[in-house]
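Shared between the two complexes below is chain A, which pairs with chain B and chain C, respectively.
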Partner chain A sequence: MTPAIIYALTGLGLFVLGLYALIMRAHLLRKILGFNVMGSGVFLVLAGLGQRTPMGGPDPVPQAMVITGIVVAVAATALALSLMLRVVAATGRARLPDPHHD
Partner chain B sequence: MDKTKRDLRTAGEEDLDARQERSVQGLTRLVVASLLAVVFVGLALVILALPTEAPGLADQVDAALVDTGVTHPVTAVLLDFRGYDTLLEMVVLLLALAGVWSLAEGSPRTDHRPGVMLDRLTRLYAPLMLMIAGYLLWVGSTAPGGAFQAGAVLGAAGVVLTLTGWRLPRRLAGWPLRLLLVSGVLVFIAAGLVGLGFDRVWLDYPPPWSGALILLIETVASVAIGVTLAALFLGGHPEQTP
Partner chain C sequence: MEPSALVRELFAWAHADAAGLMASVLALPVLVPLLGALFAFVMRRWAAAIGLVTLLALLATVLLLIPWLLGAGAQGLAVGGWGAPLGVDLYADGLSLAMLLMTAVVGLGISLYAHSYFRADPIREQAFWPLWLLLLTALNALFLSRDLFNLYVTLEILGLSAVALTALAGGAKALVGAMRYLLVSLLGSLAYLLGIALLYHAYATVDLALLAARIDAAPATWAALALMSAGLILKTALFPLHFWLPPAHASAAAPVSAALSALVIKGSYYLLVRIWLELVQVQSDGVATFLGLLGAGAVLWGSIQALVQTRLKLLIAYSTVAQIGYLFLAFPLAAGTGGLAWSGALYLALSHALAKAAMFLAAGNLLRFGGHDRIADLDRVVQRLPLSMAAFALAGVSIIGLPPSGGFIGKWLLLEAALSTGRWGWGIVIMLGGVLAATYVFKVVGFAFTQAEHPHQAQRVPATMEWVAFALAVAAVLLGFLVAQPLMLLEIGDPFAAHVGGMGP
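On to the complex of A and B.
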């Protein structure tokens, strides 16, 4: 169990947790948060597995991809949040319609 | 179901409904959780099956590093070897901002004065954040740092300033702001074109100019990224905000 594998498995755990929140939570903010946790998990997998070089130094290519990914994730989150605000303005609530209530 | 109807329901009905709902939700939760556990175990097996040592592309990057004019491999990958990727990423930022701006009326923002403490602290922090951004930008060619890190700090400085009541002057909110937003992409494209004059392909910088071009792109890009991130946070159209 090298540190690289531990990082990758932790990232995998975050990904699955975020996916669970994305599926199960009806509140849109929680979905967006879950989506972000999923993204962080993917970055951790990429950065963790990029450490497996023989010299021990990190592989720069996954690191550069993670930097790119973080910025895109921030931009996507901002867009998702303004979509959510628009949904709140249009329907008065920040949840998806619940079939058990309507 | 509207609110009055819901109010008229008896407590017993609600109780029964809630109990049924809970059991349905419990079942869904169980199914989703077990499916995701299967996903986790499957992917974990894949990760554990990977070789414990993989050279990746570190050797190729090190071998080509001398041509780029920078000595930090991540910066070289970001702005030279995978320059296309980084350029399009900055376009993605602009697209997200265009999306946020077109949804602007949905995001009203309330104004309130900050307390004395917050006001003083911001006055202290804002110049410090600008300095840190400049340092990160400069150090990026030899050590961890670079345009995105500097841009993130600049964006955070913009967010902090806006939260404490600072507003972009109205005369700067029109085309000067837009020019600043697109400047990163424009300079990146222009710097890529320099290679064409030296019998190279687009975004392949000629070696003697490479370091200077990368620094130029990074400088303009970090300001553009910072402004874009701050504008993304603010949400509304700059002209419409008070």
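On to the complex of A and C.
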């Protein structure tokens, strides 16, 4: 097993773990954390599977993608957290009500 | 560098620039709303004026692109002069151009409406304009990009600004709707990004054109495409992944509802079509049939749900779920009919944008007028708010697909694609969806004529808000008269042609 494969499998594992939390956990903070774990998984796959250039150096393109992805994830997390606080203020609960129940 | 060498450099640069100047126009549909968003954010008191000027400039830019592309064919621009593998290329063909035009026209209508809608509420107004202009930036960048990772970034900007706009309405319903929308949107983006990671690993590029040349039917490719498609389908709210759409679209402020239903979902749909056309193509019958079946499910389930709603805005939102279904019928129907089914679906997307924006804006007027959107309590609005009701009915004509309207042409093309190849099943779904749509539109119109049991205090609705809704509805109907021009526009660069390469059987 090459290191690249280990990184990729770990990344996929994180993705699935985060996905589970995002869908199954009721608390919004856990959902948001789940999203972040998923994101880390994707970044690990991107960086881990990044090929070497013919010269032997690391390929910079996936690194650039990961940096951009982290920026996007930070912005999304900030929006999600502030939205969560507003939801708590408006409904008194940090979880989403059943959509068929209102 | 020697001074003379520097001058020579500059001359060479200026000379090359003159040739590339026209191509740079391609960047304007992204640049204009982005600058507008920044200015509207910094100069808050002038936000509305900046927004309206930006939309006019955007429409002018897109109109400028039309004759150029009609004459010169599809155009590309290597931004910053880097070129495909490393840089980000912009590319516009008929499909991109039609979407840009749709965004500019509907966007201008929504902006005029929002200008009146938010007038009494400066705090919301100042938050609305930068977000709305950013949303337009993201959409236009999405329609012009050819690089899958750049498309991911545009998808995220689109999703985040759409969520923030949804939350703008305030109140528990809108906030909860926005929160669910955000989580769904992020999940969709991450699935898409994981797909990109796998594709990059396999082919060392994320440029659509380069990928199309290199791609083959390896298992990793299928996994990547499945992840990306699943993410995009979730974002487009295709049945049965539509659960998040009605609460978000129905609880937002009227201009935001219109933008979400008319434009935002078209972004991820467009991307799905692009990926399909460039990378997958018609060979994979099973997948196409599967997408078509989901579409058929959406048409039937969305229409029935619309029919049982008691709130007007929820009814319109479920109607969007149904109309999204039609767009996916093109995937199976494209096999054997080529451009016909795609033209039909895209025609339907364009007319749905106009008609659904008109419907949500008209519903916003009724809501402002009566203070509620309970369908059964619409109190003789036909006499009291005739223009808005006419807008709703005319938009309904296009949603149902009655001639003459854009919706009719779109459905007709889809129907022709189904019947000319003897696939009656799809044809029946198309017809049945129309009948169901007629039922829910007439349900609303019927209640508009009757007197309500509990008459309510009426509020004045600004004339602009009524006329904008009406104009958009008329435009949706007019699309039924001008068929040749939009179809000619779609044909630029032959976006629906079967590409050489791609994943064969």
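Just a few scattered comments:
Here is the rule we use: the second predicted complex is superposed on the first by the 91 of 102 C-alpha atoms of A that agree within 3 Å, B and C clash if a C-alpha of one lies under 4 Å from a C-alpha of the other, contacts with A are read in each partner's own complex, and residues count from 1 in each chain.
By our rule, contacts are C-beta pairs under 8 Å (C-beta built on N, C-alpha and C of every residue); 3 or more make two chains touch, one makes a residue touch a chain.
The shown structure was predicted, so the numbers you read here are calculated from the model rather than taken from an experiment.
When the two structures are aligned on the shared chain, A:Thr91 is found in touch with chain C, with no touch to chain B.
In the superposed model, A:Leu49 makes contact with both chain B and chain C.
Using the contact criterion defined above for the overlaid structures, shared-chain residue A:Tyr20 touches chain B, although it does not reach chain C.
With both structures placed on the common chain, the touch criterion links A:Ser40 to neither chain B nor chain C.
Applying the stated contact rule after C-alpha superposition, one finds that A:Ala76 touches each of chain B and chain C.
Of the two partner chains placed around the shared chain by superposition, chain B is the only one that A:Ile67 touches, whereas chain C remains out of contact.
Taken together, the two structures place residues 15, 19, 45, 49-50, 59, 61-62, 65, 68, 72, 75-76, 79, 83, 86, 90, 102 of chain A in contact with chain B in one case and with chain C in the other. Chain C contributes residues 86, 149, 153, 156, 160, 163-164, 167, 171-173, 175-176, 178-180, 182-183, 186-187, 189-190, 193-194, 196-198, 200-201, 204, 243-244, 247 to its touches with chain A in the complex. Put simply, chain B touches chain A in their complex at residues 1, 17, 21, 24, 28-29, 32-33, 36-37, 39-40, 43-44, 47-48, 50-58, 61, 73-74, 76-78, 81-82, 85-86, 89, 92-93, 96-97, 99-100, 103-107, 146, 148-149, 151-152, 225, 228-229, 232-233, 235. Taken in their complex, chain A has these residues touching chain C: 15, 19, 22, 28, 31, 35, 38-39, 41-42, 45-46, 49-51, 59, 61-62, 65, 68-69, 72, 75-76, 79-80, 83-84, 86-87, 90-91, 96-97, 99, 102. If you check the complex, the residues on chain A that touch chain B are 2, 4-5, 8-9, 12-13, 15-16, 19-20, 23-24, 45, 49-50, 52-55, 57-65, 67-68, 70-72, 74-76, 78-79, 81-83, 85-86, 88-90, 100-102.
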